[in-house]
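My questions will all concern the structure given below.
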Amino acid sequence: MAARQAIALVAGVGPGTGAAIAKKFASLYSVVLLARSPNSYETTVKEINEAGGTAVGFSADVQDEASVKNVFEQVAKEFPDRPVAAAIYNVGGVFSRKPFLEQSVEGFKLGYETSVLGAFIFAQAALPHLLSAAKSPIPHPPSLFFTGATAAIKGSPYLQSFSPGKFALRSLTQSLAKEFGPGGVHVSHLIVDGVIDTPKTAEWLKGAPEGSKIDPAAIAETYWALHQQPRTTWTWELDVRPYVEKW
Amino acid sequence: MAARQAIALVAGVGPGTGAAIAKKFASLYSVVLLARSPNSYETTVKEINEAGGTAVGFSADVQDEASVKNVFEQVAKEFPDRPVAAAIYNVGGVFSRKPFLEQSVEGFKLGYETSVLGAFIFAQAALPHLLSAAKSPIPHPPSLFFTGATAAIKGSPYLQSFSPGKFALRSLTQSLAKEFGPGGVHVSHLIVDGVIDTPKTAEWLKGAPEGSKIDPAAIAETYWALHQQPRTTWTWELDVRPYVEKW
Amino acid sequence: MAARQAIALVAGVGPGTGAAIAKKFASLYSVVLLARSPNSYETTVKEINEAGGTAVGFSADVQDEASVKNVFEQVAKEFPDRPVAAAIYNVGGVFSRKPFLEQSVEGFKLGYETSVLGAFIFAQAALPHLLSAAKSPIPHPPSLFFTGATAAIKGSPYLQSFSPGKFALRSLTQSLAKEFGPGGVHVSHLIVDGVIDTPKTAEWLKGAPEGSKIDPAAIAETYWALHQQPRTTWTWELDVRPYVEKW
Amino acid sequence: MAARQAIALVAGVGPGTGAAIAKKFASLYSVVLLARSPNSYETTVKEINEAGGTAVGFSADVQDEASVKNVFEQVAKEFPDRPVAAAIYNVGGVFSRKPFLEQSVEGFKLGYETSVLGAFIFAQAALPHLLSAAKSPIPHPPSLFFTGATAAIKGSPYLQSFSPGKFALRSLTQSLAKEFGPGGVHVSHLIVDGVIDTPKTAEWLKGAPEGSKIDPAAIAETYWALHQQPRTTWTWELDVRPYVEKW
């Protein structure tokens, strides 16, 4: 297969992990970036194209089924006959950390919906393409990857609007891995345990030892390593954390 | 404290586990039964009252915040000055078992909302009363218990509309246990692994060895045992399954 | 069955949990107490007998197969024809908390052997009796219970001689629950998360809120509640911790 | 650093996973192979050397502290001043699958000792070298990796001599990750869920779909990917299984 004749989609592309994943997968694939606002993906799209890759961005609301389906239709038009080699859901949950009795029903639903409802919609739109790609001559098994959090395995006080959605996402990925593995789609769940080093967290962990934040590029490398696994040897779940993290 | 001078609320009262829990807790408390339809609780209310206990039923939709708050207000009117000694969320998730690609967004949300959104609303309505009861001279620490399922710890194919909600519920109960334990409220999560013996399952597991279904009365006894634990020695989570269950 | 016509064995009887379990089970059974030294069980044996119960103590080293088998033979002589209704392994692991590079091979083995080798030997001696009791008219299903620790589910620095043995014990109890459940033996694993209130820990947690230590009598009540579960509704695992415990 | 100026040690080198790991790590390092018998490593050593790499084999019994220490001393003599970049424990547990009541104390200990005692001894011999390497200019953080099994997280009937040792090994690796991560040593535990494709398993899974066995070379690639992770982004645990595996 010629270079970039297959597609990788990345949903949830801000200046951190999503951008790093898009750049990494752009080494082999044409990449499609999804974010709510063009601001989130424009810089990355530009950087990839300028570096000789192929990237295009779409505005979409992952919680809106029509919006996500629309992106997949546009992608099919823009890149006809190209298999989807990877679909990566990297949308962070939106939530507010607060005492349980101060949490609203809307706040609780919001945490859930941003974490897992969007993942459901994205997976449902992507899977027919990935199943189809499993029968195409692409270099690696088609992959459906999800970025999770420590909150996916541990409930904590004041995180009642965040953690249930991450637990639910983890369950969903396990269901999908079991249902679609035999069909040739590699489903993985990556647990991020620690602070990711992004512009937003630049001021966090001041005074901590050097290297105390997770490197987005290293997350991207880890996803890339999973993507390269042959179907005989697939990872469903792994964790990543900085060397100094307490856990 | 005189007999039945405190209240136990049970949400999700059909002819199985909910009814058994209500009857067990009626040995010490006035019990309040919540279900969507009076059909679900009328028989149990009658049985408890005829046996010398005190029971009252309310129709409520646990996914509707106003509906649940209204029940708590009515309970406060009907039983003024009685502490809430126990609030038990036993509402089963409504879901459809089907291939992921045939699942609708509405079907996915329904599974989540019946499992965990109702639990959120119920817990938020109950906790102020339970925290207050922790300072009252009631015989056992006030308890907030939730009935879960194996699907709370294991994702399975075709259960993508059920299992994520149960994972989420488990997370919620852990958050609550950690936040409200120090305030004196005992939060527990009971994982049911197997078929519960109810009228609905009467025809299931035909030919299996005697005793292959979980006894609702034994679930009630187990909840009762947890309720009696002093605050020095609280169980957050346990499992129950029949002796012949494979796991 | 007349009172105390069945036997409960408790291995690991010091002045804390083991004594409390023995006293609780003495309400229905003749109890046999095992400890390395008579000092550990003499007071409890005396208290049970003086209170109208039946108790006898044996010195045994649970890591020595011959020693444990010998106890079971003596018990069979002393109480012929009495079924064994419960066998409870409550032996704490002996270990030293230290940096990994300062740990000796002997120290590492010691932690393992006290936690899990003794459990293996005790279970193997007890199971033929419990399987036989499952066919006898005893009031509750015969029970094989093990006291575990948080270290059974979480590895920690400096606890490398303790935690692996507790993980191993947890695995063993799960194997046994799955193999012997269908034969009618109830196997449980109780995770103790926190400091147990015993003479040895009297000076610990000074300044902590009242009730910060786990009550041995409440552990005994919890084991008793599990023992009463019918075979339709068995708990394999639960945790207990004080209301103020961080986890 | 010039090519192969650092060392990777692999313990447990038969014709499957161990050989594949040794070959992969030989692309960057001089490799040292440990096995009980020269038969196990001779072919691999020859292949690596003939392919232009550097390999040497040592006979050692990982359960014998003196034997393992002796290897590390010989390595220090043979490769003076070369940092140890990786130490990989891939020794399979020796055990017999049988009913619990037919298991001997010796059989139970054997399973444990081959799984976890050897790991303890190997880790203790390797860690001073790895800690020292963390301060050397080697290309990737020094790594201490362990091959585990599904039996590390799930107890099963008849596997009572295997699974407890694997649970214990998992605990040990977590203790080590937490203690030595801050010192710059990357500790990982890889859960193998399925049959590994080796000469020994050639006749297994006849009739299963193509690709039903785990590829040793892919395990080696996965370890290599973990080894390349920077210290900001380390994986402690992951699983691998074939695409058709039920779990």
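Going by the order they are written in, the chains are A, B, C and D; count residues from 1 in each one.
To be clear about the criterion, a contact is a pair of C-beta atoms (placed from the backbone, for glycine too) under 8 Å apart; a residue touches a chain by one contact, two chains touch by 3 or more.
To keep track of the chains, here are their UniProt names: A, B, C, D = NAD(P)-binding protein.
Everything numeric here is computed off the predicted structure, so don't read it as measured data.
Under the touch definition stated at the top, subunit B (NAD(P)-binding protein) and subunit C (NAD(P)-binding protein) share no contacting partner at all. The greatest centre-to-centre distance from subunit B (NAD(P)-binding protein), using averaged C-alpha positions, is reached by D.
With each centre defined as the average position of its C-alpha atoms, the distance from subunit A (NAD(P)-binding protein) to subunit B (NAD(P)-binding protein) rounds to 35 Å. Chain centres here are Cα means. That of subunit B (NAD(P)-binding protein) falls 46 Å from that of subunit D (NAD(P)-binding protein). With centres taken as mean Cα positions, subunit D (NAD(P)-binding protein) sits 31 Å from subunit A (NAD(P)-binding protein). Residues of subunit D (NAD(P)-binding protein) in contact with at least two other chains: 178.
Chain pairs that touch one another, listed by label: A-B, A-D, B-C, C-D. Of all residues in subunit B (NAD(P)-binding protein), those touching subunit A (NAD(P)-binding protein) in their complex are 65, 99-101, 103, 105, 108-109, 112, 116-117, 120-121, 123-124, 127-128, 151, 154-160, 163-180. Across the interface of their complex, subunit A (NAD(P)-binding protein) is touched by residues 141, 178, 181-182, 184, 186, 197, 209, 211-215, 218-219, 221-222, 225, 228-247 of subunit D (NAD(P)-binding protein).
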